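Chain lettering (A, B, C and D) follows the sequence in which the chains are written, and residue indices restart at 1 in each chain.
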Amino acid sequence: MIRAGVVGATGYAGAELVRILAGHSGVDLTVVTSRQYSGKPFTSVFPSMKGLVDLTCEAFDNESVCARTDVVFMALPHKLPMAFVPGLLKQGKKVVDLSADFRFSNPAAYEAVYQPHTAKDLLATSVYGLCEVFKEKIQQADLIGNPGCYPTSVILPLYPLIKNGFIDPASIIADCKSGVSGAGRSLSLTALYCEVSESFKAYKVGGHRHQPEMNEILSLAAKMPVNITFVPHLLPMSRGMESTIYANLNKDVSHQDVHDCLAAFYSDCPFIRITDNGRPPDTAHVRGTNFCDIGFVLDTRNNRIILMSVIDNLVKGASGQAVQNMNLMMGLDESAGLNAVPFPI
Amino acid sequence: MIRAGVVGATGYAGAELVRILAGHSGVDLTVVTSRQYSGKPFTSVFPSMKGLVDLTCEAFDNESVCARTDVVFMALPHKLPMAFVPGLLKQGKKVVDLSADFRFSNPAAYEAVYQPHTAKDLLATSVYGLCEVFKEKIQQADLIGNPGCYPTSVILPLYPLIKNGFIDPASIIADCKSGVSGAGRSLSLTALYCEVSESFKAYKVGGHRHQPEMNEILSLAAKMPVNITFVPHLLPMSRGMESTIYANLNKDVSHQDVHDCLAAFYSDCPFIRITDNGRPPDTAHVRGTNFCDIGFVLDTRNNRIILMSVIDNLVKGASGQAVQNMNLMMGLDESAGLNAVPFPI
Amino acid sequence: MIRAGVVGATGYAGAELVRILAGHSGVDLTVVTSRQYSGKPFTSVFPSMKGLVDLTCEAFDNESVCARTDVVFMALPHKLPMAFVPGLLKQGKKVVDLSADFRFSNPAAYEAVYQPHTAKDLLATSVYGLCEVFKEKIQQADLIGNPGCYPTSVILPLYPLIKNGFIDPASIIADCKSGVSGAGRSLSLTALYCEVSESFKAYKVGGHRHQPEMNEILSLAAKMPVNITFVPHLLPMSRGMESTIYANLNKDVSHQDVHDCLAAFYSDCPFIRITDNGRPPDTAHVRGTNFCDIGFVLDTRNNRIILMSVIDNLVKGASGQAVQNMNLMMGLDESAGLNAVPFPI
Amino acid sequence: MIRAGVVGATGYAGAELVRILAGHSGVDLTVVTSRQYSGKPFTSVFPSMKGLVDLTCEAFDNESVCARTDVVFMALPHKLPMAFVPGLLKQGKKVVDLSADFRFSNPAAYEAVYQPHTAKDLLATSVYGLCEVFKEKIQQADLIGNPGCYPTSVILPLYPLIKNGFIDPASIIADCKSGVSGAGRSLSLTALYCEVSESFKAYKVGGHRHQPEMNEILSLAAKMPVNITFVPHLLPMSRGMESTIYANLNKDVSHQDVHDCLAAFYSDCPFIRITDNGRPPDTAHVRGTNFCDIGFVLDTRNNRIILMSVIDNLVKGASGQAVQNMNLMMGLDESAGLNAVPFPI
């Protein structure tokens, strides 16, 4: 049994990690930390898990955490992981960090949108944990920068098509929509029920920090600098993310070509589902799961492709992918603990 | 492996049965029937389960279903099961019927609110499948009348208190609230998004067919005829049911007495959770699970008790309890297939 | 034109007052105050009203406010109005206070659930602003304690029946459900979208501060002390409140008797609508309006009545009733500014 | 007083027309027709308006309707208006048709996506009722083809920019999101609460019938054939539509240039609001109103503009704009009946 700890267990991503790990037959969840709820039973904060999770929240302490874990999940806001992760690695722990701190290979790209990086040396060895794209590297890694939710939903449908030269990387527009849980459990006016319900709007247009993250990975696929247009929107729902992505087709590409390209690239990937006949995927169909469903339609009159992907922002967009990364790092089955049959509604 | 079939698999309760059975390690789901979608892959109707359920909907045929199943779940509107169940029993199948057809021991009570009963003889041996109350009988049964959602949520908190003479059965008032999925997947104006959203109202006041069902079981507990006041309401949400129940206390009963009574009665019941300190339970905490959470507060100035229970109407209120019944009938662990860790939100 | 000011204009009740007053043809809205947004245009906080409201938020200053108003609405949390209102009255202003500070005639009842009262002398002359019940007094008043949302929804259906001796006041149980906007615009975990959506639960069972307020007024109707059982619940919606109220009928009372009693008592009341044939009222039908719709059903087997009322908690439960009070105080038509045709959905 | 009739008054658009017209001081609403509810009081179908609308639904009869109206609103599915409108015009009635039947000047464009047109001759004189763009023509018209909701939200932000040559018409991509009420009040699986809640998806990608409508009008602005890429999505909310529109900038255009262009074009338009500093507009801010709020951001690195518009699909996207058209046709103030102050939430 692998012993796992969750640092920052009482945010939404942290609690979702607890849910998944508590149901993972290869893992023994031994530590949950929370500054705010230190000393309280985890289930006093999340009563849904009463009877199934029997842990008390504790304050983070490097030695204490290391003594009881083999792998540590960091579910903290960016900046904090930079301070904690080096200590964990020194004790030989494997780490999956859900913040942005270890997603970038280029520190300048990180510092341009976050803040000065205090553990730059680790960026050389940390691996971007997009499992379907970087599986081999992940299997060898000690430190994973778990991808952002928007980048996961945007890169997965695009990567194979860019790599195969099907689309013009300069033409990419990603119109993305996220449920409110992406904002986390901290208090903010914009996350209040009365502000979200019956409301839909774009936000941070031209200034969202997930954009450079996408650009870095898509540039790898294109082997040239890519700078997409990215507009995030806030949906009146808890969980779910949809990305509708537009790009110019580079050459005569048929619907079948695109299907074959995606199907081949993701042939061994248990969590990628290409929809039948390009049917637009629905966030409801991946709710609570680690799936990324992808559909597409060709706008032949305009020589454009319309790609659509859906994920659960808390699962494939955060905690599910984190566990998938752990599975790969620890030599477990990639989908262990992530196989729950989805709800029909 | 137990071979199971779901008759009426494309309604919400049927699809929820498919979800649970597909994830049940002791069950091989072999047959799904649907008149409307006969010939179509089940996942063309419920794409969320693509990759996890590989069955084609078929029309119901007694011989064909019996040849491939050990147990059959009937998820059809009442009246149809009366016609199909005798044939299944004749072939030696165990049957869990989710309709009202086999819930009543008294045919007259059934006929007063439904229609003439065409298989009355079976009512003598069918068992009311409220697992926590009638476990021994269920273990011996061939035919289960799976309880209605409202009765499940109302009887569970009341039964031990009535049996122990803590409350006056003539004083019971049940104010119940249900999510929309209780209305099923058939088309109706009242189930449209625009009619439900930002709407809350009572319905069928004084005339809901679950009332005689509650009365029959509560009368057993009281050993006298009980006729409660029951008002169902429709909530603007998909899944979840809350019942707030009022009754006069019969004698000097303390908070601790009530807690002890409930805790003792349900001591071996994995799906009953008494909340800490009487905290009101939240439907969100049982969403997607087979739990029934119970809380209570004493209104000492008025010598009344306020009982509150929550269930997921599609799980403990329908398909989850149906699988729990099957587990008991087939000698499996009572909670097999029903152990998924609940979502934090 | 009556000059009106709103103190605390950027909470939900305050902003709703601004909405109603800005569309009121007999009123000139001259002042909006907000500590938090002082100096900012009101429409920078509530952009929906851009082009229709052209006022800048200012800090409260007694002299400055008095110089530009005839009537002042206080939309602040309780305790603050006690400090501000005496100064306004001294300047001869009429005041409608939406907090609890001036609702009680008995200071001890207030202090038992709020805090020490620092303007007790005013309680002798302040009037409880339940317009349909205390119209004459309101017309003479200088200071109105605007009723709480729950008390409005509970007292309106009960008052005539208690007064006429139709029901036993000792038997009253009020099971009430409120939309989230009742919690206001301040930040709290329980008001977050992800906590509210797909959730329903009771709260503050046996301890909500609206209960003594109801008791005081219902005792007036009964001419004896009344202590009801009251359980509030939180609905996954923004606006709307439903109360289902149970009571024992005192004597042989027919459906027609109840209808006639309510219809007679509210014959001159433009905002009370008795539903046809007792049909359960729907919160969606009063959304954004000052209506209180009332329905009822007799549970003759148990000799009980089931009363159901719906209001918009922000309108008839707060700001709409406040304007109705102002209309009465200032000699305007009772429904001025409150006549918008409701939305069909 | 202008006498108005609503044909098809019990769909959502029809009922919304009734709401607006019942509150319009220059209009006497005299006729409401409904095949389904003929003979029933309108408020038995929409109880929210009880006490404010006192009309009985009747079957459509040309003579009877004409005898009691000056202007007739057609709120029927396309195809039916073609049959009814000629008769109304013959009697000298003004007609605003909310279907697609009279939106196209080119019958072939209509027939390519709807069905054979049986009143083609009227297309020569019918006017496309996008009020802010075609005001003069509308003022002279007898028959208005009221614009579709998507075209309204897409054309309004684009028209001035295309006309001024700011953007490349070949590069336009419109990513649009609509609330469920756009699907109307008829029964369909996709409009059920349980299917919509916590769901978001694209639909009819590349095949929505509003696309040729947009193309026809945008081609007018561009003076060349325009064929945009258009993807509609379904939002889990009742009312509201957001369009995020991408286009390549044709030349060096600054943020101020775009603002000035839009502000100048819409200087006399009471229902167009340009947001401050390009802030993304929010559907919640126009809910229940006839406003179209427009925001925009320049993606200078990609030389693209991102335009965002929001409307209430039932008001500016249907019934509100229909009344605005009537106001213009009848010589009333353009905003008469459409001035309600919006809700803060």
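We adopt the following convention: contacts are C-beta pairs under 8 Å (C-beta built on N, C-alpha and C of every residue); 3 or more make two chains touch, one makes a residue touch a chain.
Source: prediction; values computed, not measured.
Colleague: Any chance you could check whether A-B or B-C wins on number of contacting C-beta pairs?
Modeller: Most C-beta pairs in contact, of the two: B-C.
Colleague: Measuring between mean CA coordinates, which chain is farthest from subunit C?
Modeller: Result for the farthest chain: A.
Colleague: In angstrom, rounded to a whole number, how far apart do the mean CA points of subunit B and subunit D lie?
Modeller: Here subunit B and subunit D have centroids separated by 46 Å.
Colleague: From the C-alpha centre of subunit A to that of subunit B, how far is it in Å?
Modeller: 37
Colleague: So what's the Cα centroid distance for subunit B and subunit C, whole Å?
Modeller: Subunit B and subunit C have C-alpha centres separated by 39 Å.
Colleague: Where in subunit D do residues touch two or more of the other chains?
Modeller: Subunit D, residues with two or more chain partners: 12, 181, 194-195, 197-198, 236-239, 282, 284, 287, 345.
Colleague: Which part of subunit C faces subunit B closely enough to touch in the complex?
Modeller: 170, 173, 175, 177, 179, 194-195, 197-203, 205-206, 227-229, 231, 233, 235-240, 242, 244, 246, 278, 280-284, 287, 295, 297-299, 301-302, 304, 306, 308, 310, 345
Colleague: How about subunit D: which of its residues touch subunit C in the complex?
Modeller: Subunit D residues touching subunit C: 12, 15-16, 18-20, 22-23, 44, 46-53, 181, 197-198, 238-239, 270, 273, 275-276, 279, 282, 284-289, 291, 293, 339-345.
Colleague: What residues of subunit C sit close enough to touch subunit A in their complex?
Modeller: 12, 180-181, 185, 187-189, 191-198, 236-238
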